[in-house]
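Across the two complexes that follow, subunit A remains constant while its partner is subunit B and subsequently subunit C.
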Partner chain A sequence: MTTTQTPVSAPGARPDVTSLPRRIRSNRSVMHYVGSVLKALMCALMLAFFALPLLWLATAPFDSAPSLSLAWPEWTLKNFKVLIDNPYALRSLANSIILALGVTVIVLVFGSIASYALSRVRIPGRDTLLYALLLLSSIVTGTAAMVPTFQLMNQLGLIDSQLGVILVMAAGVMPTVIFILKDFMDSVPRSYEESARLAGAGPLRILIDVVVPIARPGLATIAVWAVVQVWGNFLIPYILLRSPDKQPAAVVMYTFYTEGGQPNLALISTFSLLFSVPVVAMYFFVNRKFGFRFHGGIKS
Partner chain B sequence: MAAITTQSLVKEYPGGVRGVDEMDVTINDGEFFALLGPSGCGKTTLLRTIAGLEETTSGTISIGNRDVTDLNPGDRGVSMVFQDYALFPHMNVEDNIAYPMRVRKVAKEARHKVAHETGSGLALDGLMARRPNQLSGGQQQRVALARAVATRPDVLLLDEPLSNLDARLRLEARTFLKELQRDLGVTTVFVTHDQAEALALADRIAVMKSGKLQQLGTPREVFRRPSNTFVAGFIGSNPMNLVTTTLGTGTIRIGEQEIPLPSSLADLPGLDAGRSIVWGVRPEYLQLSEDPLDVSLTGEVTVVENLGASCLVSVLVGDTRLQVVVSEDDEPAPGTKVWVTASERHSLLFDTETTERITP
Partner chain C sequence: MSQVADPLVATPGSRKGTGRRPVRHDDVAGLGKLRAGFFVAPALALVGLFLVFPAVWTAYLGMTNYKLTGLSAKAPDFVGLKNFTDTLTDPAFHESLKLTLVFVLFSGILGQSLLGFAAAWVLRTTNKVVKSLIEFLVLLAWIIPSSVVSFLWVALLDRGDGTLNAILGTQGTSWLTEYPMQSIILFNIWIGTAFSMLLFSSALASVPPSQMESARMVGANTWQVLRDIVLPHIRGHILTNTLLITLWTFNTFTPYLLTAGGPNHRSEILPVYIYKVAIAGGHLGVGAAISLIMLLINLVIAAVYLRVLRERK
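For the complex of A and B:
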């Protein structure tokens, strides 16, 4: 119920408004205020639900005695000292970067070539193929296919190899990448390519000179998405990597316990902060540099 | 030398639709050549086949003395301006003009020098650092033209070059285009659905319909001596009067009235009384008079449309509607009884069956 619909605040002279019994009028405005208060409470609750973990992430790393509750910290940087002294923490972040970059490069190079081809060449059953791939991709990286994936990697001799993890994850995200990129490629007008063809450019040249620059916002979106996928993935590296010094951050965090079997919150909170900062920073960088938008040159 | 010759050229799409059907055309060196027709007539397909963007189904294309039927678009010595101009949005004007030279591995300084020279020839000085989306439609068109001519192609192809410009700019660009073509002397083929544009620009026009050539000739020939009723109806700002009727003895029957056959046709065989024909005369070649005249048709004015310096007057002769162009001072009021005289020289007869012109 909004104020404009209640007779009380309705503009213009309505003779019966003043003659309404006072009780009804006050009842209506009371209900209105109660509604507003409830709405605000709901918003506050939901906001708190999302804000609390973030606040914890911002304060706990700097607390001398971090706990799971949110409290005003006793400021210290000692937790970071603990993190640096841990033999696996920083190395695992480097490993995560290696995996993320490896997957992103593979996905961008092969994904753009594949999606360009699929966008331009008419083959029967193309769309069915794309949907089937999309469906299967959730299986490749999913739990169901872990045993066959492990056996495949075992036979290829790629167990405990970062290359193996990169290949499996790239294969897992590739269908989605092709699916999204094909849409971007479809939106590149053909006359651009025909113009380049008349200039004497071959297909690869056209892809590099014309299509990729125009589809760049799409490629940037895909790159960010692929990095996030790899960055947070726990299962695949956990299964395929054996040596602790090759594990990425998402897996290493799992090992941060004190001798007593309790989670080492000092280590976990600082590490979580370092773990999330690169992803957020990358998002802002990519958004500013490329902008998730399409720029065209035609008035139509 | 860069004449273009097509020999029984066929472009067939999957499903058997022929975009271009048995096309034999020779476009002379240095000629400004128009491909004209309604949408879907295959004119753009023919242009794209010459460019190499569409594969030839059968027949040959040669440019100069080379058979280019199976060559890649880049090896044919042609360049093209697209309907949407297709300027690369991520390159500035200079890089856009220089791009074909970059593909051909011309050194950086050399290609930028040529780009600047071509650009200033097309009044693009001061715009070289801009992106295409910072240019007006007319400027974009000139950049597209500069990119096309910078490499000194043998053949310049223009796909509806004026259709993306607004009406005012279109007239300016038309004059400009004709000047540019004359200065460069490059063989130019352009596609248009606008007959006025084709008449104004082209040295010769090929009128097409359903992938087939209807008539090939100078603008004057196509306008005055259309080879069939389709061309007759398509060419001309005011559509030609085409009346399906029958012949009397030495006369043409229009409703209840008769006018004599043009004297040039008197000796022609086969023009017997009772034969069904199509009589065609342009509204510009009909004379209108409010006083009774001898060899004329009588009718009543129904509608007067103002065309600026002239008027298009519709006259109902029996059941037949004739349109006449009269100058602005002589316009009759609707309802007036008038007499219409056809210029004998400009009256044409067409066969009803084949639609071909009978008048020599």
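For the complex of A and C:
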């Protein structure tokens, strides 16, 4: 730790240390030593704890005979052939894309016009509404509301419909989307809109041609955030979809290893990798490009 | 709802008092209240139908004997508070609630918060390569979809070929059936630590380094620096972190992917319990009653959280 090192390494601090009584000084160097060892130990433990489960994902997909145990692989790409040949694997990834795109489009369109209006016009009860939305999004979680949601979709005849899943998930992320987007809309300078209006543009035109281009980083954040939420979501498609050919990767992945017999590790490992790479790439891309971290949790 | 909304309204109310800006100033696009209403309507309709309505409807569903199949699926009877009294006196529910408390306490409040804080504290002075490597791994655990992560842990803890058994030399130990709660607790710590780590590393960055250095000068040890200088500075962050983590851990369904609540209900936390009773078991009425209980618990945590947020501002 630099805090423990500073008195030693920073020249300005050294006289202080030497002027201390000897007992304290030696005590301190012992403490320093113990501190460094503890710190190294802590780092090693954390590395082991977090890396251990992940290593399998890096080796097994490329191993000619993948097993559950960790081993240096005999490199091959033939496992990906198994993946391509499986009738459900690629289709489920396509389904995940459909769900993610569906939700993202809905929340971007509805969310941006709503947050724009909320940002620019003081509708009666606006602030109460915003707080109520924030409260709602944390209370009515997929888990707590799974029974009534399931029953509602049952009554609407939207069980086993991808549209149903999209609507439920879009509603689930919408409050957060509006809350974050309103912040971005607030920061868009109003002078551009004024000139656009003087040029004769209507509110919707101003929103599309002036505000959206400026708020693009905000919209990109939200889009990525929404995709990540939907991409990994297991519970909602699990209870609302029945047919295997409509299920997204999150659910199909689960059936790969739970439904009887020996799990096909060549399939599971490559599928896991293919399923994980897009969200990981998106996260780090956005993180780098726009230089911010997600607040409020990327997963909930 | 209104009890919770009251303290929240106070913030905008006070701002309105001092602000008094003309309405036209904000509304540069000439939207007007009516059109603004139309802009907000689609989003609110979606939220209302698929988020608010189910939450409110649970209260009614919980008072019926709705089932997934059979006679009471077509024409359910109104049974009043029977589902609630049955649930609250059901030993299986008590057991699940107990497991949930243990899970939230050890996995969320203690596990994720402490590990996240320790990581943030240690990493701020670690060399850059090690720091980025650990941060990268912790974040990966958080971002990778839960279905994949669950299988990684199945592989790690497998009885025969599992990596953990190979390392510890405990071949044949079936961790998921012998230690189901310990397994899902560690599993959830592994997934969720990233949030606490990120939150605390930004919190620690806000502690003035000069104060820590002067404490060092007068001979304070690490523990004293933490207690007397760091903790008072990041108290707000600790509260925020604790409440959010509690809420999320309480609502996570992911352990189902690892143990499915088993063996013999020994890791059946509340979300899994609801799923098993209502969806797998088909007792929608009873499930709705439990859902309502869960929503109320969420409401309490969220209300405390928002109150804390407001006081911090």
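Operating definition for what follows: the second predicted complex is superposed on the first by the 228 of 300 C-alpha atoms of A that agree within 3 Å, B and C clash if a C-alpha of one lies under 4 Å from a C-alpha of the other, contacts with A are read in each partner's own complex, and residues count from 1 in each chain.
Operating definition for what follows: a residue touches a chain if its C-beta (ideal position, glycine included) is under 8 Å from a C-beta of that chain, and two chains touch if they have at least 3 such contacts.
What you are looking at is a predicted structure, and each value in this text was computed from that prediction instead of being measured.
By the document's definition of touching, of the two partners only subunit C reaches A:Q151; subunit B does not. In the superposed pair of complexes, A:L77 makes contact with neither subunit B nor subunit C. Contact with neither subunit B nor subunit C is seen for A:A58 once the two complexes are overlaid on the shared chain.
When the two complexes are overlaid on their common chain A, residue A:G200 makes contact with subunit B while staying clear of subunit C. Contacts of A:L167 after superposition on the shared chain: subunit C is touched, whereas subunit B is not. After overlaying the two complexes on the shared chain, residue contacts for A:I214 are found with subunit B alone; subunit C is out of touch. By the touch criterion defined above, A:M31 reaches subunit C but does not reach subunit B.
When the shared chain is aligned, no partner comes close enough to touch A:A94: not subunit B, not subunit C.
Touched residues of subunit A, counted separately for subunit B and subunit C, are more numerous for C.
Judged by the document's definition of touching, subunit A residues 191, 194, 196-197, 297-300 lie at the interface with subunit B and also at the interface with subunit C. By the touch criterion stated above, subunit C contacts subunit A in their complex at residues 1, 4-5, 8-9, 11-12, 15, 23, 26-33, 35-37, 39-40, 42-44, 46-47, 49-55, 57-58, 61, 66, 115, 118-119, 122-123, 125-126, 130, 133-134, 137-156, 158, 160-164, 166, 190, 195, 198, 212-213, 216-217, 219, 221-222, 225, 244, 247-248, 251-254, 257, 260, 271, 274-275, 278-279, 284, 287-288, 290-291, 294-295, 298-299, 301-303, 305-306. Interface residues of subunit A, counted against subunit B in their complex, comprise 189, 191-192, 194-201, 205, 209-210, 213-214, 216, 295-300.
Across the interface of their complex, subunit A is touched by residues 51-53, 72-75, 78-80, 82-90, 99-100, 103-104, 131-133, 137, 140, 147, 151, 164 of subunit B. Residues 1-7, 13, 16, 20, 24, 28, 31, 35, 39, 42-43, 46-47, 49-57, 60, 67-70, 106, 110-111, 113-114, 116-124, 126-128, 131-152, 167-168, 170-172, 174-175, 178, 190-191, 193-194, 196-197, 203, 206-207, 228, 231-232, 234-235, 239, 249-251, 253-254, 257-258, 268, 272, 275-276, 279-280, 283, 293, 297-300 of subunit A touch subunit C in their complex.
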